[in-house]
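Read through the structure below, which is laid out as structure tokens, and then see the notes.
Letters A, B, C and D name the chains as they come in the text, with residue numbers starting at 1 for each one.
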Amino acid sequence: MANLNINIGRLQLKNPVMTASGTFGYGTEYSDFMDLSRIGGIFVKGTTLRERQGNPYPRMAETPSGMLNAVGLQNKGVDYFINHIYPTVKDIDTNIIVNVSGSTVEDYVETAEKLNSLEKIPAIELNISCPNVKEGGMAFGTSCLSAAQVVSSVRRVYKNELIVKLSPNVTDISEIALAVEAEGADSVSLINTLLGMAINIERRKPVLSTITGGLSGPAVKPVALRMVWQVAKAVKIPVIGLGGIMNAADAIEFMLAGASAIQIGTANFIDPTVSIKVVDGINEYLDRHGFQSVTEIIGALEI
Amino acid sequence: MKKFILDLKIKENRKLSDQYSLIILTSTEKLPEILPGQFAEVRIDGSSTTFLRRPLSIHYVDYEQNELWLLIQVVGDGTKRLAALKAEDSLNVILPLGNSYTEPETKSAKALLVGGGCGVAPLLYLGAHLKRSGFEVTFLLGARSKRDLLQLCEYERFGTVYTTTEDGTHGEQGFVTQHSLLNGSNFDYIYTCGPTPMMKAVARYAAKTKANCEVSLENTMACGIGACLCCVTDTINGHVCVCTEGPVFNITRLKWQI
Amino acid sequence: MANLNINIGRLQLKNPVMTASGTFGYGTEYSDFMDLSRIGGIFVKGTTLRERQGNPYPRMAETPSGMLNAVGLQNKGVDYFINHIYPTVKDIDTNIIVNVSGSTVEDYVETAEKLNSLEKIPAIELNISCPNVKEGGMAFGTSCLSAAQVVSSVRRVYKNELIVKLSPNVTDISEIALAVEAEGADSVSLINTLLGMAINIERRKPVLSTITGGLSGPAVKPVALRMVWQVAKAVKIPVIGLGGIMNAADAIEFMLAGASAIQIGTANFIDPTVSIKVVDGINEYLDRHGFQSVTEIIGALEI
Amino acid sequence: MKKFILDLKIKENRKLSDQYSLIILTSTEKLPEILPGQFAEVRIDGSSTTFLRRPLSIHYVDYEQNELWLLIQVVGDGTKRLAALKAEDSLNVILPLGNSYTEPETKSAKALLVGGGCGVAPLLYLGAHLKRSGFEVTFLLGARSKRDLLQLCEYERFGTVYTTTEDGTHGEQGFVTQHSLLNGSNFDYIYTCGPTPMMKAVARYAAKTKANCEVSLENTMACGIGACLCCVTDTINGHVCVCTEGPVFNITRLKWQI
């Protein structure tokens, strides 16, 4: 039994396996199937300053080895989270991390500020793939300038661990990673979904109500892994890798590429217990290869 | 209700027609409690084009035989794989999911269960429940043609069965909502499942006759357990998940134009 | 039987189905399996000014619903093509289009110039996903400036139909499309492969000799379709769509999104006759929906 | 040689051991001409993780029975699906692909066929060819253990069979290149297929004894027909495709350090 503990900055994980925002509810949805305390952390749903109804139906399309979603950040807002959800999740014996989303820099800042005070929320994950409504809807995370802007503003008010989640829909993701590192991000997570589309040819209409949506699942894994490798080479802060992880082998690929921890998203839908299996599989791999600690495989790719 | 991930065993996979199959599943352990209207998320193995699980209604549960029935209509590769499963194969299911149809409040209430196409699936188990609780059950089942009206004898165990077919090969010709039964009788509770246009027509009839009406909605689902928020429908309370707050909705909650 | 003819600028296609560069050899590799004259065109291998050995083995990795390749433009050079290959392909009764690749603007220009004189080559496709060796290896197609530069230079010497093939590894592909349109591209094709990576966890090494490689196949289809839709809205010149097309339904999605024609790549490996099936499938769809001509479905998506 | 895409029918799928299966295929039409050393690209259906075809050596062709044999070693999901195919199932193959082993130029030549693991597959058909052409054939087959030495009687039909096993459960203990046969006899032509380290050792022995030596290389293939250039190996003529200029190479053409 190797040592699976890992630290992401000040965030202490019992193992590097966490679940991705928007794919694991508030964790409680999965408690019938697994012991939530066995994983390193849970990234809860995208949370915004005010309640959002999200996008109209249909919001989902299956694609080859993946899916498109257009949920559109449906959530009841940060105050509801604090008053009604936080009490039900704060005693889960793992890290509960809130994914913070917004439409303006001010939104992010206010939401982060409110979460600052919650004792059992050790970190937030800034989802900078949201459209910046003041800048014509371009996602914050697609330019160094707007990414830096939102991170520096949030950094000023948020004292705990600040994870910035990068958008993959960019020419050079390490450039964005460097920009947010410079503004005080404690770590970065990647990737969010790739922008995709599907068409119903019989009806000659887009499948999703929003025309385009976010692609996730194993289809994106090669792209995600490449980006994690590029970012891990570029920055000094820890990197959390995700995108298409279905099993322990996939998770280990991300760690070898330089991720200190990983998140599992879409795979939860196919096997709600997959995260536990990934913990066990990583442990088995470490033992088989004679590693004492999971830290030994981070970035251990031989080029 | 506690949800389970189970590897059930195929006891029998009965081809009912070109398009329909009845899968009878069993387990070495006692099947969990399941309510009428609930569904399962079924993992599809060995399909190169199917990635997500597939939601399927609980067609029937026979606790004496420890059997769970699924009624499958083959529409794509996922359901094709299901129809091709053989006895002794295993099937991974997550269940029971979703809410359920609600029983009438007064014991004397008359219940009409209206189903079309594969939408008849949950009505069998619902009929069995209602009958056991002492209600008078009437089924009104519609299909394109006689060969798509499946296992009527099963429904007859729990109530009177009326049918319509579009081509007139069984029962009255036309759509369920055109059946003569609807002119005479008066029902207190109407439960329906099937294509949306049919359910809307049923809802209109229910509204007109002031019957209580519950419909079971389909939706594109990724998780089936309320985690992904992909399966919303618009209600008077805003967007709610069909997989947790449904699939059964009282029509008064929906924003249907009826 | 609907009319399948379509024109891409001056390029006349008997139907919109063509095969993608690097996946169909010089066409002759497939002649045992199908009648090459039944498809609209064949994009032959990436051709460079001088012979290239390509990358070392291993060059390929299978991924979920896709593959990574790192062929690295192995080819015998444009002169060899002209003297030895052109004579064997020039009488195939379909459009033979040469995919032109290079490491410097001069490379592209010289190669295009040489192909200009070949009577039976009605068009070239400029592959601007190649690394620009003079600019630190950034792909030409990842900045408007370098994309415009190579296109304008080639445009000056190349008189026939100039198709520019766009790289998907960018933040905003319509920006690049507009830039090459402005420099005189007659049409654009997209997408080339997405940059991806795979790791062999037992050996702790990248699977590909080049570490990263190009992702293709159905996994990328949602991204490709989204980009085709974005570009078709942005430019006035015709768009050729590709990326993960496996069957007629996929091809029709691209056409509804705005592509005037499509290319089939990786799918040829799984079914060498797939392009013929796509021609037949498009025809069947047009008939079933009562369209007289394939032109009616181009961009016919209802939003 | 003209290549074909064929839907062959499984006549029998014989499990030879834990890991190995012999698939006997047949066709309603006469099988095309196939040379020893050639291979097929096989489509894998019903695997959610297998996208590309899989290259497999032609193990044997029996034109009298119109049978084509494939020897499968289960290593991943693709080969697992193949091993699970049942009689009457169909299998889509592209064949014949690649070049072939070349016959010795002099009729008196003594041929040694050295195989290890699944690399024994093409040697059966090669042995049959060589014997038919009048050459003296000797097989030297290596495996980890007795149960991995498959169907030796088939090889015995065409030549003398020597074996080695790593655990000594059959033939001499050790690797093929340690077999005592290699001390005494002298062979003019050595043909080999198996793991690269084994083939390199065989090539070394061949170089030492001045025997002509042909090896069959494995490689990651996407198309199998020379279209994608994914399957190169480095030779004295630069990068060449294993699927068209190979899989069989004379060692003098390779850049192996031997």
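Here, contacts are C-beta pairs under 8 Å (C-beta built on N, C-alpha and C of every residue); 3 or more make two chains touch, one makes a residue touch a chain.
Small disclaimer: the values here were computed from a predicted structure and weren't measured.
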| item | value |
| --- | --- |
| Topological distance between chain B and chain C, in contact steps | 2 |
| Farthest-lying chain, centroid of Cα atoms versus that of chain C | B |
| Centre-to-centre distance between chain C and chain A (centres being mean Cα positions), rounded to whole Å | 34 |
| Centroid spacing, where centroids are CA-atom means, of chain A and chain B in whole angstrom | 36 |
| Mean-CA-position distance for chain D and chain B (Å) | 54 |
| Residues within chain B bordering two or more other chains | 48, 50-51 |
| Chain A residues counted as touching two or more neighbouring chains | 61, 63-66, 217 |
| Graph class of chain-chain contacts, one of line, ring, star, complete, other | ring |
| Listing of all chain pairs that touch each other, if any do | A-B, A-C, B-D, C-D |
| Touching residues (chain side chain C, partner chain D) in the complex | 22-25, 29-30, 32-33, 45, 53-54, 56-67, 69, 71, 74, 217, 266, 268-273 |
| Contacting residues of chain A [partner chain C, same complex] | 61, 63-66, 68, 142-143, 169-172, 194-199, 201, 203-206, 211-212, 215, 217-223, 225-226, 229, 244, 246, 249, 252-253, 256-257, 285, 297, 300-303 |
| Chain D-facing residues of chain B, complex | 45-48, 50-51, 81 |
| Contact set on chain B toward chain A in their complex | 2-5, 43, 49-53, 94, 219-234, 238-239 |
